[in-house]
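In what follows, structures are represented as structure tokens.
Both of the next two complexes hold chain A, though its partner changes from chain B to chain C.
Right, the complex of A and B next:
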């Protein structure tokens, strides 16, 4: 088994089997449950169209996934460094690239677990409506680069900042700004500044693709522009993480 | 003599009727913009005109909207709590010949056959005045169903919580 796979498996094991990782997943599940319960307990919300609910849930899954990816990414370097585990890892007989890829693989597995966790919620709120399967698909397709990008961004922040606390604070602020399309109404997003921000914001690209596929019943193939923005985001954050890791291991 | 008695009796009857007849009249119409086949979650508006047809002012007027479900086996008055925030209109006085026009918005919460009416009472009037019914049917719409959401919403955090508790002692035992 390669060093990359070993490290990725170790990272995944940390998430799935350690109390810390399980606590994160439980927190994510509680947040999804709270939203789902809000939908059935609130009369106004319970009358929302199923497609609208799936769209909202996909946005929340992406937001929570990004937060989880960010935390896992920061913990992969800054957390390890503070626990004193990073230096022994760097001294292991594995190339720097293999270690970095293993860490990135850990973020990917964290998102895969989180995505799998979200599927029952998407089914529960949307199985009687339109485009639920397409909603799940587009959430996976567009959510993956967004979440992995935030994971890589977190890893880069963990490398470039001195403490995990600083990295976490910076990452959360960046995530809140990026995820603002989930909170802002269409009016604000259509203003000149909002449109400019939307054009470069990967989170907006994902949310717009969800809207187009789930609510407007467009095909996923027609979301090329949104996929391009998401792909650019993951490439940029990968470069950021890679350069940060090179600095740490220098 | 008999004729005089008859005329007097008729006069008394008419006078008594005039005394008790409510001076108010209420017209109720659905708004033209209402959807033709409304479904759950849609909004309807009903337009009412309450007119004082009497000779004197009507003081302390209060008018309210009532909704009843008339599906077989489900006949019941509907609590407007979730349906409408605009449940009543009041006026200190309604002068003769004047009218109060009101729009009654309503959000359709549940599928079924319904009848809506406007009722009006005044401070001193002896009778309740009501409009004719306006009928409408609300179509079912697929919405979030609690029987699917609840097992998932409670089950998944519970499973993860159990896994979390299960992992803690094992780690504690291992390290101790």
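Right, the complex of A and C next:
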């Protein structure tokens, strides 16, 4: 088994077997449950169109996935460095690229688990309409580069900052700014500044693609511009993580 | 030489940590790296492992420049770092299996069990690392360092947190490894460990090597022979011990003060005296030796 696979498996174990990882997954499940319950039982929200509910849930899944990816990415470098686990790993006979790839694989596994966890919730809120399958598909396709990008961004922050706390605070601020399209009303997004920010914001790209596919029933193939922004985001964050990891010592 | 450091200089964040460090470690040797807190021992180790880039000087590890970052080089290295962290959710057995796989060694469960038994952790092999005491973690760290059968071992405070029996067991393991040809760099504050294990030492003060060489030679040069006060349970025999081992400084009826030759190991001397009929009832250190040498050389250092 290659060093990359071994380390990715170890990272997956960290998420699925350690109390810390299980606590994060439980928190994510509780948050999804709360949102799903709100969407189906709240008097006003339950009146929303089925497509709108699936769209909202897909955005929430991407937001929570990005938060989980960010935390897992930061913990994979800054957390391990603080716990003294990183140096023994760096001194093992595996190349830095293999170690980095393994850790990136850990972020991907975290998102895969989170996505699998979200499917029953998407089904619960969208099973009565026509848009559930499209919602699941576009959430997987566009959500993956966004979430992985935040995971890689977290790893980069973990490399470049001195502590995991600083990295986490910086990452959460960046995530809140990126996720503002979910938090702000459409009026602000249509302003000049909002439109400029939307054009380069990967989170906006995902949310706009969800809107186009789930609500406007467009095809996924027609979302080229959004997919391009998401792809650029993952490449940029990968470069950020890679350059940071080359310098990380302890 | 397995490890050779010459005129090593290194700065971190614009502050010079190492000014002029030198050391050389041969195969089959245990080398003690000593110095006060903050003297630069761990930074020296980090430079040797390629984790810190030197500003100047040379660091050669197993014939290659440190920092070459070659997995093949690291395969021949075993390291117990100063901050020794573990994946607490793993068991000792799965942790060692993980590292063995990283070293390209697919060890079966009995082999892993044997490795854990070597460091006294056999009964704990299925136990979660999160429940381990500091001493048990230290033992597991040593087992990890030994997993690749290294030619060169770099150990930072390996006996930290161990009880006296544990320390003795680790001493025996290290002595055995050195006898089998491994070179061991031992960074520690415990002069007793150094006295028992090391043939040569380097003392770093404020980022500079202030003394380096065989312990006996350094002590002989400093004129600080190890002094002991012996309480005798009966009259001392007339036959004098070999002058090459011990010289009597003062004596009364039931006690005697002796200086040991720097090259002589205390255990050997006590056996020799007992063989010659000395009724030794109690032995107390009375200064001198490595401790005095260390205290003199590190006097006035910042830490």
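The rule is simple: the second predicted complex is superposed on the first by the 248 of 250 C-alpha atoms of A that agree within 3 Å, B and C clash if a C-alpha of one lies under 4 Å from a C-alpha of the other, contacts with A are read in each partner's own complex, and residues count from 1 in each chain.
Keep in mind that, in the parts below, a residue touches a chain if its C-beta (ideal position, glycine included) is under 8 Å from a C-beta of that chain, and two chains touch if they have at least 3 such contacts.
What you see is a predicted model, and the numbers here were worked out from it, not measured in a lab.
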item	value
Which superposed partner A:125 touches (first chain B, second chain C, both, neither)	first
A:17 touches, of chain B and chain C: first, second, both or neither?	both
First (chain B), second (chain C), both or neither touched by A:80	second
Contacts of A:94 with chain B and chain C, given as first, second, both or neither	second
Partner chain(s) touched by A:163 [first = chain B, second = chain C, both, neither]	neither
Which superposed partner A:49 touches (first chain B, second chain C, both, neither)	first
Touching partner for A:191 - first (chain B), second (chain C), both, neither	neither
Intersection of the chain A residues that touch chain B with those that touch chain C	17-19
Residues of chain B that touch chain A when the two form their complex	40-41, 82, 107, 109, 141-146, 148-154, 156-157, 160-161, 163-164, 167-168, 171
Footprint of chain C on chain A - complex, ascending	1, 3, 6-7, 10, 13-14, 17-19, 80, 83-88, 90-96, 249-250
Touching residues (chain side chain A, partner chain B) in the complex	17-19, 22-23, 25-26, 29-30, 32-33, 36-37, 39-40, 43, 45-50, 53, 117, 120-121, 123-125, 127-129
Of chain C, residues touching chain A in the complex	46, 49, 51-52, 69, 71-72, 74-75, 77, 79, 81, 83-90, 98-99, 101-104, 141, 144, 148
